[in-house]
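Two complexes follow with subunit A in common, the first pairing it with subunit B and the second with subunit C.
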Partner chain A sequence: MDLKLKALTKSLWVFHAACSPCNNCDIEILDLLTPRYDVERFGIALVGSVRHADVLLVTGVPNYKTKEILKTLYSQAPQPCLVVAVGNCACGRMMFKDSYNSPCAVDELVPVSAYIPGCPPKPEAMIAGVVKLIQKVRGKK
Partner chain B sequence: MSHKVVVPIGPYHPLQEEPEYFRLYVEGEKVVDIDIVIGYMHRGIEELSEHKHFDQIPFLVERICGICSTSHPFAYVNAVEDLIKITIPERALYIRTIIAEMERIHSHLLWLGLAGHFIGYNTVWMWSWRYREPVLDMFEMITGNRNHYAMMKVGGVRRDIKDEDVPILKKTLDDLVPAVDMFKGAVMDDPVIKARLKGIGILTKQQAIDWAVVGPTARASGINIDVRKDDPYGAYDKVSWNVIVEEDGDIFAKTKVRILEMYESIRIIRECLDKMPKGPIDFDVKDIPPGEGIGRVEAPRGECFHYVKSDGTNRPIRHKIRAPSYMNVASNKIAAVGGTISDATITLAAVDPCYCCTERLTVLDKHSNKNIMNGWDLIRLSQEKTEKLRNSIK
Partner chain C sequence: MRTLFNYLIFPGFLFSACVGLIACWIDRKVTARIQWRVGPPWYQNFVDIVKLLGKETIVPAGAKITFLLSPVLGLLSTILVATILGVTVRLPLESFIGDLIVVLYLLIIPAISIIIGAFSSRNPLASIGASREMKLVLGYELPFILAITVIIIKSAGSIQIGSILNHQINFGSNLASFSGMLAFLVAIICMQAKLGFAPFDMSESEQEIMGGVFIEYSGLPLAIFKLTKAILLYTMPLLLIILFWAKNLTILASIGKYIAILVIIILIKNTNPRLRIDQAIRFFWGPVTSLAIIAIALALFGL
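Right, the complex of A and B next:
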């Protein structure tokens, strides 16, 4: 596990799971890949399948339909898999906690390693969040 | 002999950042039928909105969608102002128009980038998102946030555009024009893009009318429809601009409409900045009388419609929302069928679908996959209950 975690901190491959968000966090995540922020410099890349991913980025409040899918996605990811909750919705359900279609929060479904609050979090905040996550993993080592 | 194969796309797939599920029925390379399954983004906003008071709802409806996050509050405040029947200060109208048009620019640049990405032109993606950043910076300067601007409020706007911000805004627009010129050149003159987009995913004028599409999707099929012209709101009747209409109905026409609309948006913002009068930015609304009102806004994707019904309390008793993608997504059934599977990605993305605006909910039986309840069932249930009560009282 130690070696795996050490390897994980080098270049994170990210899978982006949108659990009924408003799209904004998702757009900001894509924004990270584009020239101004360009996180691919640090080896962070968005991958098309969760089976290739080291990190699961979760946005939004899970509803009854995405709840099961999020669990499946997490079980399909190669372990150890870090989960990052991006945005206020994923961190604490925000105002959607009263909705009839919002059964639970993200951290009740999968173990979350880092929370990045904001509506939407600025790309700088997301980079800072990932840096802190890497530091945390290295500290544990 | 035909052999039908189902190609499932989704719900989590690299094609689009939102979860949605397409079932493509293919024969060889040809798409013969398509099913679209949505519902992954449903959050029950209409119902939530009935539990919030009138001033909280702009915050909520802004979060219907992150890309059209001005269109929904704009349509909502239009609906409430229609209900109260007030005229709001002129300066607020201009500020609303500026914000809405800036949103159109950023949304069209975003779509252009994604469309480039779908056909394998990542350069277009990177360039258009690079030029989208200054627009977001302007939003941050004016409103304090890159997305979710929170500018709309019943009776006016929340923040003023400061006089010292106006030259910076104008300079950003001046810098944006060469960039849009570049995209126009890159898309119109590039033989590969032409070959990929021309004659693909055609929606003829009649089909567009039949499927009731709205916004750039309709305008690319030769229908001159634009809420900004047909039913002016904000300051759109006070500035001069043109509706862009293309006749072909293919994806190339849709791209062209969006690129040319960016020029019109820049023109509108410039004229609004020049004409914007001094004065108050909001009207103090004391109470909301009983009644109903509608608000329509031309969102980047088409007509966005809000209906609000009030009973005189501080909360609406009904808030109905119809987002543009609700109409446009269904037209994929015409546009994608008959094309090849490699064109399906760009065809499905060509209407600029926004699923989080569109989501609806229905209750299904897990085993038979049948609708458990529809509107008629609910009416029947209600009538049965009345009947039961009547019998019990007898």
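Right, the complex of A and C next:
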């Protein structure tokens, strides 16, 4: 396996893109950084700018406004950039599927590499999702 | 040939980068322990740099050539400081007259390169960060230079790092006097601002202006900036040790002193909230500068 991918999987910097979620998912994501779960052990850190990001963490159902913003964000991120959809909303729009304000799902806008279902998903589920994502990235090579 | 070796390998780039990255790890680890977390493994910062080298470098539309040049400028000057200091510690007689002034100038260049890079990225948030950084430089340079003046007075007007070292070896550390202690306090506070650590990290505050000065940087230039910061984290404490605390510079003693200063920095960083820029400047030009002036007065009286 080449060095680039190995380094990538050992140091995932996460940019948190909230596409109009109900905020529960975001609270659960922040739980990952607390002493109880502490994902910094694996080199995962939250960054402020999308230019530094390796992972785009998307929560919520895109609406007409955030749809464009999410597309721009993805195009601004340096490649290789992975996208993770957190929560039922981001995975498949759930009960907002027929809403007047929900034009499309996240994976119709950007290529999603991992789906983490749950409403909101438990921090353990998110860690399991990230582990699967890392295995996927490594397995590809 | 030897100069090149000094610059690129031993006290210069390779060595200082490794020490700096490990110091960054100590910073992250101690921070994590203070917050009751486990913290990253020791090679984390090396992995981060390698990863950033493998990422795409994005140059924003309309950015000038200085966008890519300024990180290199900052890195080169920091390496030069690390080399000068490293060589001086090993062979104090090899230093040249006035190298203290050269080091002072070279230590401002990383801040200037950050400012130039941020302004040439044409991002409004980066501009805010750069203007904060600029004001911060104006704020801390005055007390920092005053604190160093104390050292110059105490070592009989010498502006040569080697002879300052020898003076301390003969007559005891500068830290052992009242004026030296005050100046050391001032220098530590200024170092905190030079390194861009809390409470003076308003130029790259992640929460309000999303990384501020570094917002548009990705890939290679970001890695160079991270490396520059890491090397600064090695050189600044080393400079303070040489100027204030150089009575006994065996390898073990220097490592102990270095770690002591590092832990002081980390504790200040973790127990203080970020100041607003106007508060920071008032702090530097008010209490800190007065402390430095008192230290100079004491030094003139020979205390």
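Heads up, the rule we're going with is that the second predicted complex is superposed on the first by the 136 of 141 C-alpha atoms of A that agree within 3 Å, B and C clash if a C-alpha of one lies under 4 Å from a C-alpha of the other, contacts with A are read in each partner's own complex, and residues count from 1 in each chain.
Everything that follows uses one rule, which is that a contact is a pair of C-beta atoms (placed from the backbone, for glycine too) under 8 Å apart; a residue touches a chain by one contact, two chains touch by 3 or more.
As the structure is a prediction and not an experimental result, all values here were calculated from the model.
By the document's definition of touching, of the two partners only subunit C reaches A:11; subunit B does not.
In the superposition on chain A, A:119 makes contact with subunit B only, while subunit C stays out of contact range.
Annotation for subunit A, partner touching more residues between subunit B and subunit C: B. With both structures placed on the common chain, the touch criterion links A:69 to subunit B but leaves subunit C unconnected. Of the two partner chains placed around the shared chain by superposition, subunit C is the only one that A:40 touches, whereas subunit B remains out of contact.
Once the two complexes are overlaid on the shared chain, A:102 sits against subunit B while remaining clear of subunit C.
Judged by the touch definition given at the top, the superposed model places A:48 against both subunit B and subunit C. In the superposition on chain A, subunit A positions 34-35, 47-49 are in contact with subunit B in one complex as well as with subunit C in the other. Chain contact summary for the complex, subunit B toward subunit A: residues 11-14, 17-19, 39-45, 47-48, 51-52, 59-60, 63-67, 69, 110, 113, 125-126, 129-130, 133, 146-148, 354, 356, 359, 361. Against subunit A, in their complex, subunit C makes its touches with residues 28, 32, 35-41, 44, 47-48, 50-51, 54-58, 206-207, 209-211, 214-219, 222.
Residue ranges of subunit A in contact with subunit C, taken from their complex: 3-4, 7-8, 10-11, 34-35, 38, 40-43, 47-49, 51-52, 54, 76, 78-80. Contact residues on subunit A toward subunit B in their complex (touch as defined above): 16-31, 34-36, 46-50, 60-61, 63, 65-66, 69, 73, 94-96, 98-102, 119-120, 122.
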